[in-house]
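Just so it is clear, A, B and C label the chains in written order, and each chain counts residues from 1 on its own.
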């Protein structure tokens, strides 16, 4: 793994009314990593996520992506540059088929319908939805809809994929195969940032974990470092038995 | 001095608009429903006033409570029988369905009453004018403004102080949370639609002595209603009231400076300006 | 069948259908011929509307403005400066596109209802302006267009020639729609229509895409306005800029299948002949009966069959193919 920083924030701050959701956060991620972001509800994870994705803009601080200042950039600009995201509550383009959904993603990087179809088809295969191309997306179950989210984001050929609590609502069997899928996506060269609730899942898949509590980072290290970190245990995890593989 | 007269006339005009737009903003803020048939509801209020006045000889201002009640039930029936299927279905669906409803009501009125402009003719207060110094004030418009102010004030009080009003505001803020707290959201929608319709009806009653009615009067008034709602802030009753006065004055000034036929064009341009400068309106979007 | 072959067959069939209709209309009396032309003109306008209203999902209530710009531009240039309506048509299309573009800029940033209101405001404004500025537009009296039949004047002596004229324009509009639907723009418009925020996150520049659709839609609507003027040989604020023009475009598209290339055309075929017949028979006693029907049908379709006639046809055809598949498995 090359240790080359592709996305970083410096002093990122976001306030909503009187609440400081993201408090002066410094963050960086190297190419090829899988960084998990943990933290209690309302701790600022989602706001931080949306800052990275360009859905909202910081009140102060900077965001840097692939050696460019993208602080004021919006989501479609971030997407064009190579940062894709999924939504916590999945948002399939309901009237469109699986293939059409993913092709919209592919069009972020190409003009040709034929090429978009090719890109879409391989993304669909990578996430394990092969065979369902012509199913209207509103007919998919939740697990498949989540894979569709990922496929659509992958079709934009991103450097980084931001996953927003993508595993909630999946049963253990679905979760395992989902994690497998994410591993192969990462192996394919896509850097992942995974914001999650399901601690065990994040520990299994991340190369590094960042814990955000009340808008600030309180821990940043390997999974075993983080779960044994006293601050983290006090603020968030409690005494838990976790196995790190 | 003439300018003051124009402004006063504008404020009085705003009174009429207020009754219509308060209804629009209430429905928009609480039920999140875009009702493009609101203008036709006002039209029905006007025709109802006409029929009662010419048929049973009851003065509009006396018939007001009857018509308001009738329109309330009409609103409830329309919601229960038709419009509830579109709540949550997206604004486009609501626009299309209410547009269709508006067409039905409009053409129905044409079939029943014919396409001509119809007025109430002679009657108490209709044409009387009082004089304050150099300013002439039409009595019927003044009464309209007073009614609009009272109604708005009453509505704000109900929304703010009563338990039911709080339930309405809760529903407006977060329908899901409200439901979880035991608020019967569907019933709130029903009643709100009824009130919105009643308000349009009252607006029609107050407008009838001032202006003639014809089947297509709804379209233009609908647009003004929504412009005011935009200016005032979606869902804000107070905002709609203030916005109505502002738009009334703008229209009166435009009519004075340019031409009475251009006054609505100026309001439309004003609308585009609002969209460019401050589309969220002057008040924060909290119901009441 | 490869894509290219599909395209050619489609075009060929369209041309053949137009030819047959033209042939048919040349043998018919005035009423039927007039009916066919009106249907085609309505279909063309509704199809133009469909680009922004159906494909992009941005409900415009102001397409009478674009239609009227086309009608008045070519008419004024023709009657006052003797410029051929063909140039007038092109000029009208360009002017209308510009107006559509300018209206889109402040409104497409906001939620869809604002576009509906702003376009309605545009249409009503142009109506008022055309009534007021009598020196230019002759106000409410309207403008009568002198008839000197020649190709250069876009004036013809036989109805079937107007059928050909309007029909060709309809084919052009449908061609533009099909092209959009089959390319990147179509996919992006569909994404914006379904969920603009999600589309933005997948890299669609929603503002740009909506503006393109709005501009094309407004431009195409103007062209058919010019053709209408040259056919009827009389325009006034009501017939060229009336609200009912915009509403009819919406109704035809919704009934036929909003968002589908051929939806508005099917809607026109379904509704225009009926409404014209009703007008003919009940026009005196019940002048807005057809409007009532428009309204009722719109409500019904929007609630019960939101994909319109095309949606229903698709459901029927998939049910038939499912049955035949089931039959094959026996």
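In this text, contacts are C-beta pairs under 8 Å (C-beta built on N, C-alpha and C of every residue); 3 or more make two chains touch, one makes a residue touch a chain.
What you are looking at is a predicted structure, and each value in this text was computed from that prediction instead of being measured.
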Just grab the chain with the largest centre-to-centre distance to chain B, centres being mean Cα coordinates. A
From the Cα centroids, identify the chain that ends up most central relative to all protein Cα atoms. C
CA centroid of chain A to CA centroid of chain C, Å: 43
What is the distance in Å between the mean C-alpha positions of chain A and chain B? 47
Chain B to chain C: how many Å between their CA centres? 32
Residue ranges of chain C in contact with chain B within the complex: 57, 59, 61, 106-107, 110-114, 116-118, 120-122, 124-125, 128-129, 131-132, 243, 247, 250-251, 254, 286-289, 291-292, 294-299, 302-303, 306
Enumerate the contact residues on chain A facing chain C in the complex. 53, 55, 74-76, 79-80, 84-85, 87, 91, 93-96, 100, 103-105, 107-113, 116, 152-153, 155-156
Under the touch definition given earlier, write down the residues of chain B that touch chain C in their complex. 34, 82, 85-86, 91-93, 95-97, 99-108, 110-111, 115, 215-216, 219-220, 223, 226-227, 230, 259, 261-262, 264-265, 268-269, 271-272, 275-276, 279
Could you list, by residue number, the parts of chain C that touch chain A in their complex? 182-184, 187-188, 190-191, 193-195, 197-206
